[in-house]
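So, here's a batch of structures to check.
Okay, so chain A shows up in both of these, paired with chain B first and chain C after.
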Partner chain A sequence: MRKFFPVEDLARDERFNQITMNDRMADQRTVITTDSRPSRAANRIVPSRGDASDAARGLMHGIFVGEIQALEGAGRTCWDFTTGEEAPFELKLDMARQCWDEARHVEISVKLSDWMGSEIGEYAENTVLFQAACSNDPVLRLAGVNRALEGLAIDVFTTMKEFGEVAGDQYLEFAEDWMLADEVTHVKMGSDWLRKITEDDPERRKKALDFQSVVDKLFSYGGTRSESQESPIGLARRFRELAGFDDQEIDVIAKLSLAALEERKAAVLEAQAAHN
Partner chain B sequence: MTVEVTPSTFTYVYFDSAYIARIAQRLIGLFGLENHNIRVDINETTPLAKMRIEFGDPIVINIQSGAFEDFSRPRQQSESATTQSLGRILLKVRDRLSPEFANAPADKDLTLVQVAIWETYCVARLSRHDIDINRQRWLYNFRNRHGFNDASDRAFEKIWNSNDLTWEQLQNISDNALALVQ
Partner chain C sequence: MADAKKPRAPFAPWDRRELPGLFSVEESARRVGAYKWCELKLFEALGGWIATVPELDVKMRLGAHCYKHAWHAELWHKRLPELREMNPDRLTVAPNEHMVCFIEALTEPEAPELTIEKLVGVYRVFIPHFISAYTFHLNNTSDITDAPTMRSLRFILQDEFEDWRDGEMLIQSLIETPAEVDRAAAHQARLEKILLAAGGITGSGTIGFSTPEHEGAIA
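Our next item is the complex of A and B:
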């Protein structure tokens, strides 16, 4: 079986349309909007938003494709590295357990999407998650996928769980809560293995943490996730603590996310000035 | 009757104004709005999907580009989304022009619950014109505004299966559903 699978070759049926981060950033409408009404001070996905149902459906679809890619990424980590030499057996066992969880999350996400009135493939699939799982160093994968992306999943699931709670949608609330518990475990696995494998290799650890920072920044693009109410997704501090992030690490992500939001706002103003 | 679509060419999205005009004409015929001049103004500078009506001659429908977009292929036009969005807003235009909706609040004064009941009433009637509608999407939206319970679902069914409601009747169905769970 082939090792180190490129993102372009991921198997999908005709319902899916994949886009890259570049495609997303090429959409100038997200920065040049000339809507004369003031923008919302709060963009958090909450039931009181006028477009709450559609926004939640879109995010749910994003979770669904993210779960597929997380399954594919963890699966590749089980296979791509030589047992014992490149990756310990116990690490692979953890990745196999993660595959089991992610497969279950895919099924839960499909059922939640049905419940919310979405169809598979209704929204584009951003493949950036799997791209972060293509590093040829297992430690970088753990940092990029388990700590950065699964960390984002903690934030997303917390936002969706709260949405279900406030709306009175118990199916959404409980399903997100259960998936959230798994994600905390996945992040913890990443944190524990990162520390263990790089215990005597500070340079490798630094490289992995730098990679995590790049992925965190990429996923904070446009301030999508931050502690500001202007971001659709919040930063779930408590669950991140449970997942092995220390206060300093959470503060760094919080700052980075807020900086991304501010960069985004500055870019919007600049683009609008140029457009007008 | 005239139908105009602006802009005639697009810069930020891959939309076709002549195609939009053809879909609008078909819907205007279906809904008996042939005696009105209608202009569809598309704001292609935002991916949001809000729609707004300005009554006058012509009746102007302001639409943000997300309302016509294929979400799986960003910036591309979706025939289905264009038909559904135009259908919803044109049925709302027809309601607003009828005496049965004379007492409906102005759009800016509608609550989220009122928006949900009117949207439900519009898409339900659209679905009976052989236009593809995901009923579950609208049921979910309705539940978000009326609660996830049997009373809410019964109110949705009643609205979904109705064709000739007045604003007051629509409002009563909603009020009763909300009162039952309070």
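Our next item is the complex of A and C:
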């Protein structure tokens, strides 16, 4: 078995349809709509939204495939690096623990998707999460996956938990709350290891934090996640604090997300004007 | 009311634990070091394979089992200093070169159509050998002096038996043709021969029988 596994080779059965972030960004349907209704002032996934069921199902499928890739990424970190020389034994133990957690999250997501009325493969799988797990430096993986992506997972699960709470769906609320607890643990693992490994290597720490920033920005694409009600997913400040983010770090992500939202809105207007 | 002054035997009549055991401190530490090395190699392989198997149920099982073996490695890592090995890495080694060859052969399959080979290597060869080695250790060490090792062995054996059953059921559900039965058997035989040369996961004498005649048999 090779060290470092390319994203193109991720093994899937025939139900899955994989796309890259480039595919997604190139899809004009994401900005050009034939819907003549005025755009919503609030896009947050809440039961009062007209398309709430579809939006929640789509998000749940995104969570499902994201959990598969998180499982695969943590597993590859167990394999790709030589124990002791390239990655500490204890870090690998944490990654193995994350494998178990992510495997359970896949199981939970499958059951929740079924509960919500969708099927495996009903939506495309964006493989960008695993791409962030392909760095040849374990510290960058921790920054990109555990801090940025698992941080996003905290935001997503908080939004979905609140959705379940408001909708009176105790099944959804229960499961999301449990997954949220695991994600806080994973983000904290990332924060702790990042600080420990780069304690005497400020250059490596800066590189890792820069990489995290790139991944954060990538996942803020379109303002999908921000503190604005115009974003479908909120920013879960309290749980991020529990996971080891300080106020300044959360503020940076909040600003980044809002900027991405504004960029997206401008791009949509531009694309619509060109289309008309 | 019990008589507080009445002498009682230090060992109750039903307590049959014995003092002598088969292993010295050094031998116990050597075995524990080999256990840790093998569990480490196994959890690394299971983690690596997750991205390579297309079957969703297998993917998730590998994730769960990856953690269990990591936890076993951690238990052995913590036990080593208690056995006077203050540098656990020193004893975290393969018992011989054949065992290194075994791990190389075990982790060779990567292609998505080789799930049967991946599972056979783990659940029909490696884990049964863990069960043998751990059972031998459990049944032959001192109940009193080596009780902490025995406690870990019992926890770990419970996992191994559960994982063995999980893996065997997955293999049976994946094998659909006589040709696939042959594939599974051929891969099992290939790996078993390497382990025979290794003498088991702690080397010759893993389960009590020294097998010097086997060493190098297929080298």
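Rule of thumb we're sticking to: the second predicted complex is superposed on the first by the 274 of 276 C-alpha atoms of A that agree within 3 Å, B and C clash if a C-alpha of one lies under 4 Å from a C-alpha of the other, contacts with A are read in each partner's own complex, and residues count from 1 in each chain.
Please note the rule applied: contacts are C-beta pairs under 8 Å (C-beta built on N, C-alpha and C of every residue); 3 or more make two chains touch, one makes a residue touch a chain.
Just so it is clear, the model here is predicted, and its values are computed rather than measured.
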When chain B and chain C are modelled together on chain A, clash or fit: fit
First (chain B), second (chain C), both or neither touched by A:Arg2: second
Touching partner for A:Gly62 - first (chain B), second (chain C), both, neither: neither
First, second, both or neither for A:Pro88, with chain B first and chain C second: neither
Contacts of A:His275 with chain B and chain C, given as first, second, both or neither: first
Touched partner set for A:Gly50, first chain B, second chain C, both or neither: first
Touched partner set for A:Cys78, first chain B, second chain C, both or neither: second
Overlay on shared chain A, then closest C-alpha pair between chain B and chain C (Å): 18
Those residues of chain A which chain B touches in one complex and chain C touches in the other: none
Touching residues (chain side chain A, partner chain C) in the complex: 1-2, 5, 9-13, 68, 71-72, 74-80, 83-84, 89, 92-93, 95-97, 99-100, 102-104, 106-107, 120, 130
Residues of chain A touching chain B in the complex: 16-17, 19, 23-24, 27-30, 32-35, 47-48, 50-54, 57-58, 114-119, 121-124, 167-170, 275
Contacting residues of chain B [partner chain A, same complex]: 12-13, 43-50, 64-65, 71-75, 112, 115, 134-141, 143-144, 147-149
Complex interface listing, chain C residues touching chain A: 40, 43-56, 59-64, 66-71, 73-74, 77, 89, 107-110, 112
